[in-house]
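Same chain, two partners: chain A is paired with chain B first, then with chain C.
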Partner chain A sequence: MSAPFEEAVLRAVLEPALGEGLLEVGTATGTAYADIAPHRWHDAVGAARDGLGLAWFDWLAGVDELEEGLRVVVSLLAPDGAHRGHGVLLRTLADRSAPQVPSLVDLFAGAAWHEREAHEMFGIDFAGHPGLRPLLLPDGFDGHPLRKDFVLASRVARPWPGEHEPSGRSRRRNLPPGVPEPGTWGAGEAGS
Partner chain B sequence: MSSSMYDARPAGADDPFEQTPLGDAADEGASEGRVFTVSGSDWDVVGSSDPDSHIGEERIVVNMGPQHPSTHGVLRLILEMEGETVTETRLGIGYLHTGIEKNAEYRNWTQGVTFVTRMDYLAPFFNEAAYVLGVERLLGISDQIPERANVIRVMLMELNRVSSHLVCLATGGMELGALTVMTIGFRERELILDIFEAVTGLRMNHAYFRPGGVAQDLPSGATELIRRNVDLVRSRLHEYEDLCNENYIFKKRTVGVGYLDLTGCMALGITGPILRATGLPHDLRKSQPYCGYETYDFDVATWDTSDAYGRFRIRLEEMKQSLRIVDQCLERLAPGPVMVEDKKIAWPAQLALGGDGLGNSLDHIRHIMGESMEALIHHFKLVTEGFRVPPGQVYTAIESPRGELGCHLVSDGGTRPYRVHFRDPSFTNLQSAPAMTEGGQVADVIAAVASIDPVMGGVDR
Partner chain C sequence: MSGGYPQPERSRGVIALVEQNCTVCMLCVRECPDWCIEIDSHVERKPAEGPGGRPHSVHVLDRFAIDYGLCMYCGICVEACPFDALFWAPDPGYSALDVRDLVHERDRLGEWVKDVPPGALPAGLELPGASEGSQPAAGGPAAD
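Now for the complex of A and B:
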């Protein structure tokens, strides 16, 4: 039975390689994670792959952390050794106004689709990616739908049948989840 | 896509769309390239019919799908070929993108199950399990899940593994021309869907697992039905082996086809039968057990050929192992609760089907309507608003029929998920299609994609 990665192991490898670029090491609900400065992102993943035996690409995704920025999370696994089958999460925060982090495709070919998905869903620019085209969204789709400020326009445009005030006395219509107050988004009387 | 392709506009010299890809060729035949009406002979013969042309050496692009019956769903394959050899494979996905990850951010934690069960529609219980295990870990109640709920979860997941593998073999067989494998595959799958229907009320999209347990206890007579159908399925599994294992045509189509070795799997993040076909016995049920898998007795199937045939054999063996686990589950099913004790999390989980077709728990209704005002308020708050989940993030992974199905959850402390990301094995595994198919022939592309077994609902989410 193999053991999960511990913070000390992670720190011992990443700290010499990154120095100031390693912001934090911790454990969240059983999985060790390391926060990396965005400009050292590529080095950190390379160091984890070569120094920790995390040669197995698992997944990559984005999280919109609002004013903190856009978080990129990558999960790597160890295919053998003492931690066989266990992994760590490496995370970085990209600046929201111009989110850019280095691409990992040259380290792990499997990151290609994950980065394309994060690119179209969050608008994160993965510098050095060989073909950062939309992957899942239709051609010509405007916006980055998994960002928190992206409003589901069809919900605003269509009246919501399931949400009405049973008494009929309410002064304003209940809005479906995810639809902003009228007048704060879109043109004119969007919600009515 | 440019809308001007559909516009009826006069041809003008300044119109960029008048330029065909082949330049300013005047006649229509040239702009489309040469058209061949082929009625079944080798490309060498067709290409050499006109001695002046070099068409036999030209590069052709074949567009397969998304509505092609052998692309395993709405998958589009764009193949660049020289003669009959595929030189480049590109994949077009996204036709089933439904925005589940975004939608889940607008519903409470319990309602999220209803969304995620629709992703990989051949393995709905696995989607639900990955999600609810994540929510339970964020809540810190993983060790409070009642034993009976865990046994039911394991049992349904293993039955689901069998039904999912049956579809893989059935459609995969059909794509290779083995139609009998398709008919018997769907016949056996029906027996398992009967179990799902009896237990959850639905054949797919069950939304049966909930954070804290399962939505319903097993109905009366369920164990007898499961035992009967499992025995029937087990007694028929040898038919697949008899039809395919040593079948000359089947082996010609699959042995050595879709080769991907361990190094390729690591770089691309491949899991599941594709990985185990390289000989690595990686199975999350063994390496990171969940739902009590460490207490069940089963073997991890591996093969050492790294090809489509090995993946087929692994799936056959996994079905047998899954039925073994189901047997152990049936022995362990002891009466008990199927939902956590904590009333702040547990939705009413003992519903009886009323005459109106709606599920109601008479005891629960009597309690909230007749006995306790606080219970009524609590019920109302729990169901409309939902429970709060402590802030944090978690990644839980389980072994789905296609590989590692993981769920990355982020909570901001509210009643709704802040972020739900699914690492779907179909999405990751499908990336290996170019590596498996380039350099082979078109027919091998079909066999290779079938051996990946992508489910487009999971790929696109």
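Now for the complex of A and C:
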């Protein structure tokens, strides 16, 4: 009835529009994706929207890829037509020291909130955004909590439920997966 | 869903608990990246059964709670469970006005089992009280 987008379809629309700015096309977990050079980000999203009928802005998010940089991902879906309900992912990698990509707000007004969230959570600057005010974090919050070097206070303050031994079993001390020992975590931890 | 938009295929609703299959192994609690599952239990001694059987201890579930105010719907608990106790059910309709009301205990998690697509449940599973219901047998021929 309704089919996912294939890589070839995505490439056929983006390659003429972007040329060298299209870095890679692939498929992950059943969804076609394209990696875009940061300076062509806005052009890529516009071309996908207009060329593939991807008029439904689904979400935009950041990913901390450590030394590779900060990734911005946008999910665009087709609200109708042969691909109704399916979509593609467009991705770009911003430089970690000064992460900046063009804003998509003029293409999708709804991107404004998502970019505000990615701005506060990852410190990514969206050039051309009308106002990157914090969306979810309280006033005066310091830092970007979804960066991997950010120490989450709740991980320190709250006991890990996995440490609980039901039925009174005894076990060697457990550490939650992915949470390093206290004092070894985060950039400025050594002296604090 | 409201409006004419189709639900994307990745949509997940809620995690249902087949309580009888939970062995209190704690794997879901320990794999959960945002610490939203809490389990408690106690030990009961079971007498020997059958020839050559020995008395043994079993863990009896006292509490199984998922905090949907924390859950990020990654599904790692569903994948981690080796005993077929956790399943996705496509019910998105459990919003609450107070974030504390998003903590759902085992009775509510168990009710969601009826929403799990029958093909997703293990073949031969018999749910308590489901036998006389109008619901088709969860076991049925295994779906692909």
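Some observations on this one:
Here, the second predicted complex is superposed on the first by the 152 of 192 C-alpha atoms of A that agree within 3 Å, B and C clash if a C-alpha of one lies under 4 Å from a C-alpha of the other, contacts with A are read in each partner's own complex, and residues count from 1 in each chain.
The rule is short, and it goes like this: a contact is a pair of C-beta atoms (placed from the backbone, for glycine too) under 8 Å apart; a residue touches a chain by one contact, two chains touch by 3 or more.
Everything numeric in this text was worked out from a predicted model, so none of it was measured.
Touch criterion not met for A:Ala12: it reaches neither chain B nor chain C.
Counting residues of chain A touched by each partner, chain B versus chain C, the larger count belongs to B. Looking at the shared chain after the overlay, A:Ala28 reaches chain B, while chain C stays out of its contact range.
In the superposition on chain A, no contact is made by A:Ala127 with either chain B or chain C. Shared-chain residue A:Pro79: touches chain B and chain C both.
After overlaying the two complexes on the shared chain, residue contacts for A:Asp58 are found with chain B and with chain C alike.
Look at A:Ala3: by the touch rule set out above, it reaches neither chain B nor chain C. Of the two partner chains placed by the overlay, only chain C lies in contact with A:Arg158; chain B stays clear of it.
According to the touch criterion, the shared surface of chain A, contacted by chain B in one complex and chain C in the other, consists of residues 2, 30, 56, 58, 79, 84-86, 177-178. On chain A, the positions that touch chain C within their shared complex are 2, 30, 56, 58, 77, 79, 84-87, 158, 160-162, 164, 166-168, 174, 176-178. Chain B contributes residues 1, 93-94, 97, 99, 101-102, 105-107, 137-138, 262, 266-270, 280, 282, 284, 287-288, 392-395, 404, 406, 408, 410, 418-419, 421, 423, 427-428, 431, 460-461 to its touches with chain A in the complex.
Those residues of chain A lying in contact with chain B across their complex are 2, 28-31, 55-59, 61, 63-64, 73, 75, 79, 84-86, 89, 108-110, 112-114, 121, 134-140, 145-146, 150, 152, 177-178. Those residues of chain C that touch chain A in the complex are listed here as 4-9, 24, 26, 29-33, 35, 37-43, 59, 62.
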